[in-house]
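Notes to accompany the following structure.
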Amino acid sequence: MVNDKHSQKIVDFIQNWSRKHSIWVLAYGTGCGAIEIPPTMTSRYDAERLGVRGAATPRQADVLMITGYLTVKTLKRVIRVYEQMQDPKYVIGFGSCTINGGMYYDSYNTINVLDKYLPVDVYINGCMPRPEAVLSGFAQLQKRIAEGRADGATQYKENLEWYRANQKRIIPNWVMPEYNW
Amino acid sequence: MVGTPVLFVAIPLLAAFLIPLLGMIWKELVRIVPGLVLMYLMVLSINLLNHVLVSGPIVEVIAGWAPPFGINLVFSAFSGFLVTLMIFLGLVVWLYSYRFKRNVGFEPAKKYFLLLMMLITGAVGIVLTGDIFNMFVFIEITGISGYGLTAFYTGRDSAEASFKYLMLGSIASTLLLLAIMILYSQLGTLNMAEIASKIHTVNPTYKVISLILFISALGIEAEIFPLNGWAPDAYAEAPGPVGAAFAGIVVKASVYAIIRYIFTIFDISGAYSFLIIIGMMTLIIAETAAIRQDKLKRMLAYSSIGQMGLVLVAFGFGTEEGVFAALFLMLNHAIIKSLLFLSGSYLVYNSKDKKIVEVNGMHKFLPITSFLFALGAFAIVGLPPFAGFWSKLSVLTAAADSHMLFVLALVLIVSVIELVYYLRVVNRIYFFKKGENVDPKKPTFNALLAMIVLGALILVIGFYPDVITGVIHKASADLMDKTKYINDVLSIKQ
Amino acid sequence: METYSIIFAIFLGGAVLTYFAGKLNSILQDILFLGSVLVPTYLFFSGVSFGSAMPFSLEGISLLWGIDHYSWLFALIVLGLGSLAAVYAIGYMKGKERKGYFYFNFILSVMSMLGIVVSQDLISFFIFWEIMTWSSYLMVIYNGKDIQRVGIKYFVFSAIGAYAMLMGIVIVHSITHTFFIEDMIQAYGHMSLQLQIWIPILFLIAFAVKAAMMPLHVWAPGAYSNAPMAYTSLFSGALSKMGVYGMVLILVTLVSRLPQGIWFREVLAWLGGITAAVGTLWAIKQDDAKKLLAYSSVAQLGYIITGVAIGTELGMLAGLFLAVMHALFKGTLFMAVGAIEKQTGTTNFTEITGLIRKMPWTFLASLMSIIALAGIPPLGGFVGKWMLYESLITSDHYLLVILIFFASTAGFLYCYKFLFGFFLGQEEKEWEHVKEAPATMVVPMILMSVFMFVLGTFPGIILKPINNGLMDLGFVDSYKHLWETSVIFNNWGDHVILQPILYSIIAIFLFFLILVVWKGYKGTRYVTTKDISTSGEVPKEDENLTFSVGFTQPFLRAVAPVMRRQIDKYYTEFAKGLEGLFEFMRRIYTGNAQTYALYVVVFVVIVLLFKDVLF
Amino acid sequence: MEEVLYNILGAVVTFIVAFVVGMTYGGLTRKITARVQNRKGPPFYQNFIDAFKLASKKTAIHHGVMHLMGPAFLMVTSVMTLLIVPVLAGNNWFPNLNFHGDLIFLLYIMTFGPLGMALGAGQTGNPNSAIGVTRGLSQMVGFEIPWVMSLVALMIQYHTTSITGLMEVQAQSGTWLMLSSPFAFIAAVMAMFGMFRYSPFDIVGAPTELASGPVSENGGKFLFVMMSAGSVFTFAKLTLYVDLFMGGASNLVVLLIKTFLLYMIPVLYGVTSPRYRTEQAVRWFWGWPTFFGFLAIIQAVILK
């Protein structure tokens, strides 16, 4: 039944719809962006009405949110957290720093382009992005999920060697478990 | 007539005097002769006891004067039982000390065996005699040899212990003589049976005073609190086998004397409760003192004192059951406490202070001795299925039958205390690490044999007490039957 | 008739032979040991018939050995657990020192316990009781650890109990002049009221000590945890039941005929309840599995005591059923701890973790026993607990049932602590080499687990002999109105039908288990316990992430005021005071000859002065 | 045979109803919480979406066999409770196994799941899980006391330990037990606060402190099964309370109204409360709730 192409489509649609409306966020509060999360979640903007909700551990989370600049030290942990998340999983790059380094573009210990290390599905730009922008980012992610285009995890799996090479280049003393999903 | 009771006094006394002479012929004879004598007496006493159990007591008259004028020896079931027990213990002690302390040399060994024979003579004499002054003489013989044996090591401590013993012993003699004088002045006779038959004529005040003096005097020898100050020192300083002999022979004889006075000679009923009171005092104080001792033999000494207190309590019930219990207890105490003294002295053989801590970890070096000590410890606290249980049971039964529930409870509480200090020692032997500078000494073969004989007896009586209870029942019946004693003795016409 | 003699002869001879066989050959010793436990067991269950008695006499005392349905039940516990523990002991003792010593005392313990249940007279009862005491004492000090404190504490408490009983025995004897239990029961009705009250108290003290009832339980934790585990399973499982055995006898035969007997029952029931609660709280505090199980044994015995002290049929059924269950699950648990101790060398929760994949069978057995211990359906413990609660409620013990319920709920904490501490949690590298225990150790555990499982649904297997035993004690037949093979009732007619419940549980469980596992099995995969969400940190191989220190801290903080008071402390203070007194007594012997002479003079003078009072 | 099949079918229907109601209640709780916090909140069916999403996660990890079995254990408790508790009195479509068990059995089967779940959480090796479990068990010791006291009070007053027995009592007398045994009801409701683990008794799974505690290693379908079990359990417990104290229900609507009203007590108390530490929570339960439990027992003894 599931092998049938049409029914597969329907199943996919329903699944994607549910994924879209239930986004559990693991906010990795790295940079200054973490301060924008509380207003997003609380009464003024109330992201929960969109199904967005905080998750406590990577095992339960759907979205990994990198809120701001990422030092090399933190990157290692972020990668670890990402790899512990369950498929399907998405990454939101939050703020300019994750896009191009922002004001830390020439810092010796922050990374510039998050996408080289983790498959980012949605970037939210701004320094800092206001909650409106965050909500808009979530809306964008929901759109991509519904369309089935939020496949960062698949890309990560397929291009693991490239990502690993990038990661290893920047992280000294690489000791991480194998990622073989 | 299978044999005559006179031999029990005559032969060891003769042997005692012959020992120095025989020693001149061949040195080994000093060691061998006492054994032969005791073996002969053992056979004799068993024969006599068998005879007596069947056909009534043997009353032997010395020097042809019929009672009440002459001295007589009475070998009844009661005294015969005690005599057999003493001879047996003497034999065990001899076997044990045959090669004990080889290094002490010939002269001390000669003295040792001489004094031991005299001790046995005296003790047996106390039990057999039917004459109170004669008993005094035997008590003196026992005492003097006891002083000598206490001072055997001729050290400072043993001399002090011996002196204490001597001092209290002489007080005892004085009091005893005084008591005899009072009694003699009232009745004009020294024969026990005669006194017993006439005692109701005596003025009660004199009667009581004389009894008090008797008890006080004999109490010193029988280790009754508070007259027993000499005992712990003497036990601790005398050689191990002598401790066994004291516990098994001397004290038994003195207790016999007290019992004879109270049960047969006097007719004061208050004496029974007095026995219980002093017995309980002795028991409680000795056992509580024992728990705080740090020397092994001293601990055993206090334990021995306590047991004798229990024996007096059992006698104090005044019932036949009580007497049975007391006799059974005396038997078990003699066997078990001897075993404890004998094995205990090997456990602390080479140590200077004879401290309890020095028995730590001895079981690895002295497995059999340690086992026997543990067996003795389990038996003396009355754990079934060892010998001590049955006597404790009979004491308690007797107490309950006499409605002395308070005594019963106290005895049991004290038993718990006893348990504690024995277990502490046994635990040390088996589970502690051996001290650095303790040098265990392997027991000689005959010492081991002596201990094993005692251990085997403990097990045999424990598993099948009937082997011995028949005799004890007859012995206790014999003690209780006062008129029969009087008749038996006074009916003898030479 | 002769069977008894043969059984005890084999036990005794076997014990001695086994001891000495160790000098020749270790395997021969093992075989002899097994033989001398199993052969008498076989002989007993095949050769001894009910009601038959063997009279004989010793030291002029007539003694009697025989068996009825009630004692048969306890013989079943003793010999059943004894045989299994014996098989287990073979594996456990392999390569340990002083094997002969262990085997000797083991056989003697089994023998003495059997002796206790077949004794129909007080003297052989007492003799076997004492043999049991000292053989178990020798086991308690087997390890040589802390013996002057723990060992002697055990023996002193046992002796206090035993001597109390002995006092009772001789008092009874002074009235009846025989030692038969039958005669004691006959004569009890004619005794004075004072004796009627005191005799049960004296006996109950002895039994309460063995059953580790508050406030006489302080010996238990140390003794249980110090003995070798192969023995402790017997110690806690069967030996403590001897206290229950005696208690039931006394309660049913003596106390029930006393008008004031209700107070005995109430006090005992409450003491049992308090024992359960306090034992549980202390078990929660322990970090050592042996200690935890030891306190847990104390607590479980509390339930049993409460059950039998209530004295209704349901209470009796509950107490005795729990006794059987306790023998099973506590036996298994101690065996499991023994297996872990043998394989890892320690029993401390803070050291061991994550053994589940290394010792799966041990885990299974422990899991079963813990479920049974916690009283959770569908295992046998539930049946006992259910009956206990119902008996308490239907016999108007409202507050007691709350206490028991508190103990039982708090018990979950230590149950979980036991399983988590050993088997769950991080799988550390330190314990990677650990292997499953040998088959001789695992098989007894698994057998008992299976039995627990079966009893959970078909408690009638054991309730039938219990019912027979209770009928022997004068209770009415409760078949069909309190229990059936797989149904249990209370006095108000409410019931639990166990069979459909078991099937429902299994069905639901399997359905959802398959649901979880099935959907794309490839998508569900095993990862090691190092791969956990730790805020992104990658734990190093030798990094210990286990949470085991202060495991139950929050709860302990809540009950801290209760835990501050320890009975043990009072006993210690008391003992110290006594030692001080004894020291004073010792000083009476000054070592000074003059003083001694003075004593003599004073003695003579005092006695002479008071001669009219004294004589 | 037919009857068995019929029963099984009925059980499935009951389960589905319980699942739907429980999930909806969960969603409503979120909505109410949001409204109290002056938010719009998710739609009331948000929990269904979450559950479906969790069920359709492509991967799930486990740390061993106990971890795998944890959710199933939890489900056993929920379903067994549901089966034992009479959902609708006298309705053929909601059969129950009530005649197979009574209140004491229910109390014990209700602990089966949490303990099994705790074992699963233990095997994950996550320290947070174990901490959460000990907190949960401690709290359980806390609230079980007033809860059992209230039940014991009912049992002794009406001489029955079965749920149907207590329902019959109410049907005969015409008054609800919450009115005739008010203290028992108060104690039971206070115990319910702990049972549902809403604030202030939610330290067990404190999200920021313990990373959601026992469930911290569970994702995907594990979490889905747990969530459903929780929902079913919520409904079962509410139904139990309704049966015990509010006379049961004869049709679904009445049942929903009664359960919802009852459910609002802990929810509303929860949204307005901060969080207790474990020992504070335990002591809270041993304070007033236990006092009311005592009063209940005294009342029962007097009125017996």
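Each chain gets a letter, A, B, C and D, in the order it is written, and its residues are counted from 1.
Heads up, the rule we're going with is that a contact is a pair of C-beta atoms (placed from the backbone, for glycine too) under 8 Å apart; a residue touches a chain by one contact, two chains touch by 3 or more.
For clarity, every value in this text was computed on a predicted model and none was experimentally measured.
Quick one: how many steps at least from chain A to chain D, stepping chain to touching chain?
Shortest path length, in steps: 1.
Ranking chain pairs by contacts, what comes out on top?
Answer by contact count: the chains C-D.
Report the inter-centroid distance (CA atoms only) between chain B and chain C in whole Å.
44
Measuring from the mean C-alpha position of chain A to the mean C-alpha position of chain B, what distance in angstrom results?
Chain centres of chain A and chain B, defined by C-alpha means, are spaced 97 Å apart.
Using Cα averages as centroids, what's the distance between chain A and chain C in whole Å?
Taking the average C-alpha coordinate of chain A and of chain C, the gap between them is 58 Å.
Chain C to chain D: how many Å between their CA centres?
36
Please set out, as single numbers or ranges, the residues of chain D touching at least two other chains.
58-61, 211, 216-217, 220
Would you mind listing the residues of chain C that make contact with two or more other chains?
523, 530-531, 533
Using the touch definition from the top, which residues of chain B touch two or more other chains?
In chain B, no residue touches two or more other chains.
How do the chains pair up in terms of touching? List each pair.
The complete list of chain pairs in contact reads A-C, A-D, B-C, C-D.
State the interface residues of chain C toward chain D in the complex, per the touch definition above.
Residues 354, 356-357, 367, 374-377, 382, 385-386, 389-390, 393, 396, 398-399, 401-402, 405-406, 409-410, 412-413, 415-417, 419-420, 424-427, 490, 492, 494-497, 500-501, 504-505, 508-510, 512-513, 515-517, 519-520, 523-534, 545-547, 551-555, 557-559 of chain C touch chain D in their complex.
For a test of understanding, state which residues of chain D touch chain A in their complex under the given definition.
Checking each residue of chain D against chain A gives 30, 34, 37-43, 46, 49-50, 52-53, 56-61, 207-208, 210-212, 215-220, 223.
Would you tell me which residues of chain C are touching chain B in their complex?
Spelled out, the residues of chain C in touch with chain B are 58-60, 123, 126-127, 130-131, 133-134, 141, 144, 147-148, 151-152, 155-156, 159-160, 163-164, 166-167, 170-171, 173-174, 579, 581-583, 585-586, 588-589, 591, 593, 595-597, 599-600, 602-604, 607-608, 611, 614-615.
Which residues of chain D touch chain C in the complex?
Listed in rising order, the residues are 55, 58-66, 68-69, 71-73, 75-76, 79-80, 83, 97, 99-102, 104-105, 108-109, 111-112, 115, 118-119, 122-127, 130-131, 133-135, 137-138, 140-142, 144-145, 148-149, 152-153, 155-156, 159-162, 165, 211, 216-217, 220-222, 225, 277-279, 282-283, 286, 293, 297, 300-301.
Mind pulling up the chain A residues that touch chain C in the complex?
These residues of chain A touch chain C: 28, 57-59, 76-78, 80-81, 84, 87, 175-177.
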